[in-house]
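Order of writing sets the chain letters: A, B, C and D. Residues in each chain are counted from 1.
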Amino acid sequence: MNVDIFGVYFPIVLLIVIGFLFVAVTLLVTKVVRPNRPTPLKQQIYDCGENPVGKAWSAFNVRFYIVGLIFIIFDIESALMFPVVSVFKKMQEMGNGGLILIEILIFLLVLIFGIAYCWRRGDLDWVKSYHVNKK
Amino acid sequence: MFGTILFICSAIFTICGAVMVAVSKNVIHASIYLLISLIGVAGLYLTLGADFVAVTQLVVYVGGVVILMLFAIMLTGGADLKVVSRYGFTKDPGMGSLKTYVIGGLTSLFMAIVTGKLIYNAVINTTTENQLNMENSVEQTVSKIGTLLVTKHVLAFEISSILLLGALVGAAIIARPVKLGDE
Amino acid sequence: MENTVVSYFFQFDCVKDFLARMSESLGFNVIPLFVVAVFLLAILVVIGGLALVGGAGTLAERKISADMQLRYGPNRVGPYGLLQFLADGVKMFLKEDVIPTDADKFLYLVAPVLCIVGVFGTFAVIPFSDGFAITDLNVGVFYLFGISSLVGVGVFLGGYASNSKWSLLGGLRGASQIVSYEIPVTLSALSIVLLAGGLSFGTIIGAQSNLLEQYSWGHGLPWNWFIFHNPFTIVGFFIFFIGALAEANRAPFDLPEAESELVSGYHTEYSGMRYAFFALAEYIEIFVVCGTAVALFLGGYNVPFKIGGDGIVGQLLQAGVFIGKTFAMYYVVIWVRWTLPRLRVDQLMTLCWKYLTPISLFNLIGCAVWMYLFNGKSFLQLFF
Amino acid sequence: MFEIGLFSYLVIGLILFATGILVMIARKNIIAILLGIELILNAAALNFVAYSKYSVGNLDGHVFSLFIIVVAAAEAAVGLAIVIRFFQIKETAHIDDAVLLKN
């Protein structure tokens, strides 16, 4: 009577496959019933009614990258924190709560230092990024 | 049964994604193929019973690294292939030419053969007697990893926070926009 | 530890007997078939139900907004306009599918798929009841954050692939907003994981069932919820809720699709069914994040006084309680949308990085210290 | 049906590694080279987990691959920052333009 041990992951794979199928089948079905009369004007990109000038794919502002950068550091941090935090209760019951608390605090304080530095240097500002070093 | 199917599908995803990264001509497409390949690797982790590592792969790569790559691609001029350098002479397109592919192919083939030989020798000499019982390993990977992180590998855990601090501060300094009148 | 719908059914002897007899009479092992069938059925029910919720969400949004602005709202199709969303769906079906000539065809196709897959993947761990969660992974919460980050990639690619300036701006804004607000959300979820001592939704909700042992009648009543566990979690709930609003691109954080500045944001160039995928993903994601907030902070599926017991009736009641709480949250989300004005981009980023993230870091430390000092007791347990 | 064992995972890791090397050498766009590096690091992490299951029998391999993921992400963050800085100065992301140690 043993259910396959991968049974717990099976529904995830199934859901992802069904997600793909959902999109594919719906697009196929609509292909049958919908009209299809493309004209060059209709297939133009919307640019407030004017003819579009140039491509949209151009270099962008660097602040998006800074946001992504701080995000990824905290993302990794949370990935490392999740298992540690989930054993806190168990460790507390075993009497090692103080030790693990100190470990968590050190880990977090180092990162708080990092974000405090970024805050101080103005990396967290969205608008003022260019006037940081004026003083 | 399901494990086998999952393994085969994930392997196909991984390898096809990696190969498409190597051959696609558009760097944004390449990063999407990288995403597919990384999801395949996460599937392989699942077949190995490493659920936490698989989900970490998903969180860090899919949510983090790929988005960061896409941002960086947008910041460096999108997928435009600048064939002509600003000094005026033509050079290889950004996604490689036939010459680079031949050289790269030969090099990677050579390294693959050498590494494959090493792996083969290693596998022949490795006993697979004491492999984990699947039932137990899936049960509590998270708390086991957590316990390892706060006991045996605590130094690596704390040092990784220093590494992250260094990466954050360093990358923020490097990527900070150049000020007018600063130089 | 890891429960699925199938393992719920396997605890009944009659199911086991039935399967054993079927295997004998048919001459082969029917258990794998049964497992697949149950999973498929459960998944189809959940997807169907949530697609309905997504469709009805558009109607609810219009009706509630009309209610708040003393209008009627849609009232022509069906009684009280209840069938309006079906009419909208049919219209979407019959719309022409325009792909701009300059668009990147491959990415244009991939982007809605990523959004849909990212949202559908989260269904696997939504805890409707302690037996009827499709699967209760022991990395549940973390998995939910991981798979839903596909939506961010989908939004970015949707904006990029269209090759329109509005779309690209919307996509960039959307991606940066989704990733930045993921930090406060994850950090508040971390503090809950710390208090519950496990990542699976089963553990987290089980920890909110009954805190005061001597008053066992108080099962599932509000004081057991994690939101009232200690002062930090109250703040944590609001941070989580604000972050969840921003992650689902809801007003007042709907900058990626701000009509008045970006036409329609990252899906400006999408039409017909492809647009419907984005909209569906967005409306279902609201349900998912509300469900997550309910599971983490508001007691999840715990039925007050444990009415219904553990049988099938109890399971249905639990699902009812969970869905009811989630719909209440859904109402609050819509209410917020029609009450608050939209933020500017710089205000959005300031709110995330200078207020929510430091507060949630402080919260996490506070919860850890509370856990250590009071041995995991809740505020109430200190007095009773 | 073939038996899934340590060897299958090592072969997949090998293919990933070789493809990563190919990407690193063949590509001229710096970001594409970083994509190759990610592939190589993933191959290493996969091998760690595979050995952890089939040979060692404890979860140290999982922890190691966690740290590999951490280092890979940090490396990607810093690497991309360097690329962006390079692009700000040279207005190109082509590896052949990075020939000077200064400016």
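The criterion applied here is as follows: a contact is a pair of C-beta atoms (placed from the backbone, for glycine too) under 8 Å apart; a residue touches a chain by one contact, two chains touch by 3 or more.
Keep in mind it's a predicted model, so treat the numbers as computed, not measured.
Enquirer: Note down the smallest number of touching-chain steps it takes to go from chain C to chain D.
Expert: Contact-graph shortest path, chain C to chain D, evaluates to 2.
Enquirer: By C-alpha centroids, what is the most central chain here?
Expert: Answer for the innermost chain: A.
Enquirer: Count the C-beta contact pairs for B-C and for A-D, then tell me which is higher.
Expert: When the contacts at B-C and A-D are counted, B-C has more.
Enquirer: Return the distance between the CA-based centres of chain B and chain C, expressed in whole Å.
Expert: Distance between chain centres: 29 Å.
Enquirer: Measuring centre to centre with CA averages, how many angstrom lie between chain A and chain D?
Expert: Centre-to-centre distance between chain A and chain D: 20 Å.
Enquirer: How many angstrom lie between the CA centroids of chain A and chain B, rounded to a whole number?
Expert: 16
Enquirer: Find the geometric centre of each of chain B and chain D from their Cα atoms only, then give the gap between the two centres in Å, rounded to an integer.
Expert: So the centroids are 5 Å from each other.
Enquirer: Using the touch definition from the top, which residues of chain C touch two or more other chains?
Expert: Touching at least two other chains: 2, 32, 137, 142-143, 160, 172, 175-176, 179, 182, 198-199.
Enquirer: Where in chain A do residues touch at least two different other chains?
Expert: In chain A, the residues touching two or more other chains are 4, 7-10, 57, 59-60, 62, 64-65, 68-73, 75-76, 78-80, 82, 85-87, 90, 111, 115.
Enquirer: What are the residues of chain D that contact at least two other chains?
Expert: Residue numbers touching two or more other chains: 66, 69-70, 73-74, 76-77, 80-81, 84, 87-88.
Enquirer: With chains as vertices and touches as edges, which is it: line, ring, star, complete or other?
Expert: other
Enquirer: Of all possible chain pairs, which ones touch?
Expert: Inter-chain contacts occur between A-B, A-C, A-D, B-C, B-D.
Enquirer: Show me the residue ranges of chain A that touch chain C in the complex, using the header's touch definition.
Expert: Of all residues in chain A, those touching chain C are 1, 3-4, 7-12, 14-16, 18-20, 22-23, 26-27, 29-31, 33-38, 40, 42-48, 52, 55-57, 60, 64, 67-68, 70-71, 74-75, 78-79, 81-82, 85-90, 92, 97-98, 101, 104-105, 108, 111-112, 115, 119, 124-127.
Enquirer: In their shared complex, at which residues does chain B touch chain D?
Expert: That would be residues 3-4, 7, 11, 14-15, 18-19, 21-22, 27, 30-31, 34, 37-38, 41, 44-45, 47-50, 52-53, 56-57, 60-61, 64-65, 68-69, 71-73, 75-77, 82, 85-86, 91-97, 100-101, 103-105, 107-109, 111-112, 115-116, 119, 123, 126-128, 130-132, 137, 141, 144-145, 148-149, 152-153, 156, 160, 163-164, 166-168, 170-172, 174-175, 177-178 of chain B.
Enquirer: Tell me, which parts of chain C touch chain A in their complex?
Expert: The touching residues are 2, 4, 6-7, 10, 16, 31-32, 35-36, 39-40, 42-44, 47, 93-103, 112-113, 116-117, 119-121, 123-124, 134-137, 141-143, 160, 162-168, 172, 175-176, 179-180, 182-183, 186-187, 190, 193-199, 263, 268-269, 272-274, 277, 345-346, 349-350, 353-354, 357-358, 361, 364-365, 368-369, 371-372, 375-376.
Enquirer: Which chain A residues qualify as touching chain D in the complex?
Expert: It comes out as residues 59, 62, 65, 69, 72-73, 75-76, 79-80.
Enquirer: Spell out the residues on chain C that touch chain B in their complex, using ranges where they run on.
Expert: 1-2, 32, 104, 106-107, 110, 137-139, 142-143, 145-147, 149-150, 152-153, 156-157, 160, 172, 175-176, 179, 182, 198-199
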